[in-house]
Amino acid sequence: MSIKEKAVFVFADQVDNQITPVSFELIGKARDLAEQLGSEVVALLLGFQVADLTNELIAYGAQKVILADHAELEHYRTEPYTQVVAQVIEKYQPEIVLFGATSIGRDLAPRVAGRVHTGLTADCTSLEIEEGTDRFLMTRPAFGGNLLATIVCPDHRPAMATVRPGVMIKREPDESAIGEVINFDGLITENNMFTIIHDVLKRGLSKHDIQDARIIVSGGRGMKNAEGFAMLKELADVLGGEVGSSRAAVDAGWEDKSKQVGQTGKTVRPNLYIACGISGAIQHLAGMEESDLIIAINNDPTAPIFHVADVGIVGDALKIVPKLTEAIRSERAQL
Amino acid sequence: MKIIVCIKQVPDTTEVRIDPVKGTLIREGVPSIMNPDDKAGLEAALRLKDELGAHVTVISMGPRQADTVLREALAMGADAAYLLTDPAFSGADTWATSSTLAAAIGKLDYDLIITGRQAIDGDTAQVGPEIAEHLGIPHISYCRDLKIEGDEIVVKRQFEDRYQILSAKLPALITALGEMNHPRYMTPGGIFDAYREKEVVIWSRNEVPVADGNIGLKGSPTRVVKTNPKMLKQPGTVIEAGVEESVQYVMAKLKEKYIL
Amino acid sequence: MDFNLSKEHLMAQQLFHDFAVNEVEPWAEQTDEEHRFPWEVVREMQKYGFMGIPFPKSVGGQGCDTLTYVLAVEEISKVCATTGVILSAHTSLAADAIFMHGTDQQKEQYLCPLAEGKKLGSFALTEAEAGTDAAGQQTKAVLDGEEWLINGSKIFITNAEVADIYIVFAMTDKAQGTRGISAFIIEKGTPGFSFGPPEKKLGIRGSSTCELIFENVRIPKDNLLGREGKGFGIAMSTLDGGRIGIAAQALGIAEGALEKTIRYVKERKQFKTPIAKFQNTQFSLAEMKTEIEASRWLVYNAAIKKDTSKSFSNEAAIAKLKASKVAGDVTRECVQLHGGYGYIQAFHVERMMRDAKITEIYEGTSEVMKMVISGNLLK
């Protein structure tokens, strides 16, 4: 079985024999790229007893799947995975290989790039084929996210990239899609670089330090009382975030001092900061104005919090917060 | 036991501001610091030194000014320091950087190499695994904890939802997560010793046994074709509407920003 | 003549800055509000060698110099003047007195643990009736066989209850006046040595200040520091060094208050304009900065002179007189620029204003500084 020239390969990231969603997103993007290159999308699936996952990859848009099903590949380990991916690249000479920027993809891709001697661009947020030149442009944030750099890989093949989850759009799955499955026929050779897995431990995901939180739902005096303030916890929970607080809410005894954001509390810089019933005294703003996205809900249209908010909602936080929690919960249920 | 820790001097990206008028990065006055993950890696090495009497060497590739972070490492307790600096090394991407560092490390004795997971100015997380590849040794990335057992290293390796307890034969390379420890401070006396008693050995092009095609810009498979400042923060929109409409508006924003 | 800090001093300054921001500042408000000795911070300073910065490694120190020590007191005092004085009294009063005047045996036994951060030091000269008039000492020491018998009390003593090793001055020959004063090293736990209740103070509230009471305290004969009758000179020369530490503390307080104020005036809006845009604010900041820079070089100069010149008494007095005056003036002006917010606790400058006052009083009042300076002019 042959694979077209200039194919776009996608490493299908799987954990516990479940494909990580970013893999489907990459397949969606890879289809666009492959069409422009006049080629096709090949998913690369490694694991043990994972053959039935190939259908899913095809449904999401992979035109071919290379399947390496081997006991050595049951749990991700760098060296056997690198051996397989490097052999596949040597054999089929793809134009592009994409990996999810997961803790597997970000471990495997550089090892492979080192072995096959090619360029790798990390954590891309945009991938495109330049009109006219057919150059593959990989764009990624750099400098702490303050800068976007566009990178090419002119003389080495394949061009490789890892892509952040949630950035590319997956296709609607088509259960009727047909694709070929090609079995990996290379060898996995044990050497000094093999590691041994002794144990696997669950990782508690609840991070309670607000300075580590990516999402913070914060409340102030406008939450009126302890019961009102408690609503914030539910919103934070559906978002996978933490609850923060203004000084007023701490002084009122609704929240612990360790959750206080501001000059006399902690300085935070989450991806999302939702300020509910916080007027925005300067000591509070000093602690959160660097957040990536600030949503403020307050019933006073002149509240200073609106000066730093990206999204300002004039309204009663006590009414909006529970509705918003509900809306997010049902959105999540659909996913 | 001999440990090599790779260290990068980086601009403190949390201090970077964007010029609100021109929309460009203000790089002036941004302090240079030891990359935080590297510092955690150094701390891990120094703890092995405290426990097992390991000899800790730090190495960096960069401009002359990177001397400062190596002195800082010496002041924290590292025993020896090397700086790879030469115009020929400049413009290197992760592949060329790792091949240069690997060639230099190859001249030294080591049982364990520690790098940070990633640098805050590039965030690529590639140089560690690529050094290991060039040297033909195993690597374990995202290290949360480690111990030495005989001729093996046992690592608690972090994934999104779990940890693996992994072992690898030494010599090996690990990449350290910033969260793995709280790095110690320098001591005032350590600082004086770092400048007055200890040495940062400078290695230029000729002292690093690596092919011309594998270093600097020439040895880099990737090229940066353009950089743009991130979109400036637009003035926020404030809406005054009913509860339902407000909720819908927020939902739309959350989706637009990929938070949902 | 070079007004630039060396690379090692710059790196030490960065270390002290980072330490102050990360380890000291989080405790500053509680230290003040609860009049609580910041043990958590002091333990960390002990761990990292901060308690022996200017002393040679041979006596357990860090092998740095007085300038490095001054940078430490300055950076720490920017965020917490209490912690600044704990370090200063320990280093330049207690430890330095032994370093300058102790025997090899005393250095080994008492200076090493102080410099290594295993023990904390204190210095006790002031008495109820002997402030600026230090010659009016009432505490007495009498040689009784192989022991000194000490009776009396000391007041307003920094690191009082928390220290382990005390430098205590007492009259060994009342008839000789200042030439009848001797210095002694006394350890905590010596029978008859006790403490009065803690003082409640205007500022530096977390610093342990109280009375030391000596009732038939017996210490070995060898715990005499320096020669008998030379205590007054030991006290005065030690205080010369101490004044550099206090001047650094004052400098730090002023700088800390100015930093907080700069941040505030950029954010605080009145009449729809950040108050930093008003010329009144700008001129005020400029004047404060100028005064602070003037004190800085006086303080650094005194520190360098201590290590390089025979006499630095005059430089130390000038530095302390100026820096303490500037600390008072700057903190008051910073409160003023903060307006109502300056008067409440959350913005810290009111604490700094209260802390600043003591720098004009202890280790010789500003009036004593003027006596020293004018004495040098008119001799």
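As written, the chains take the letters A, B and C, and residue 1 is the first residue of each chain.
Basically, contacts are C-beta pairs under 8 Å (C-beta built on N, C-alpha and C of every residue); 3 or more make two chains touch, one makes a residue touch a chain.
Bear in mind that the values here come from a model prediction, so they are computed numbers and not experimental data.
The central chain here, found by comparing per-chain C-alpha centres with the mean of all protein C-alpha atoms, is B. With centres defined by CA atoms alone, the chain at the far end from subunit C is A. Centre-to-centre separation between subunit B and subunit C, using Cα means, comes to 40 Å.
Here the CA centre of subunit A is 53 Å from the CA centre of subunit C. Remark: subunit A and subunit B have CA centroids separated by 21 Å (rounded to whole angstrom). Considering their complex, residues 247, 263-264, 282-283, 285-286 of subunit A touch subunit C.
Subunit C makes touch with subunit A in their complex at residues 29, 263-264, 267-268, 346-347.
Residues of subunit B that touch subunit C in their complex: 68, 71-72, 75, 184-196. Those residues of subunit B that touch subunit A in the shared complex are 11, 13-14, 16, 18, 25, 93-95, 98, 120-130, 132-134, 136-142, 154, 156, 158-169, 220-230, 233-234, 236-244, 246-251, 253-254, 257-260. Only residues 6-8, 11-12, 15, 18-19, 48-50, 53, 57, 61-64, 68, 72 of subunit C touch subunit B when the two sit together in their complex.
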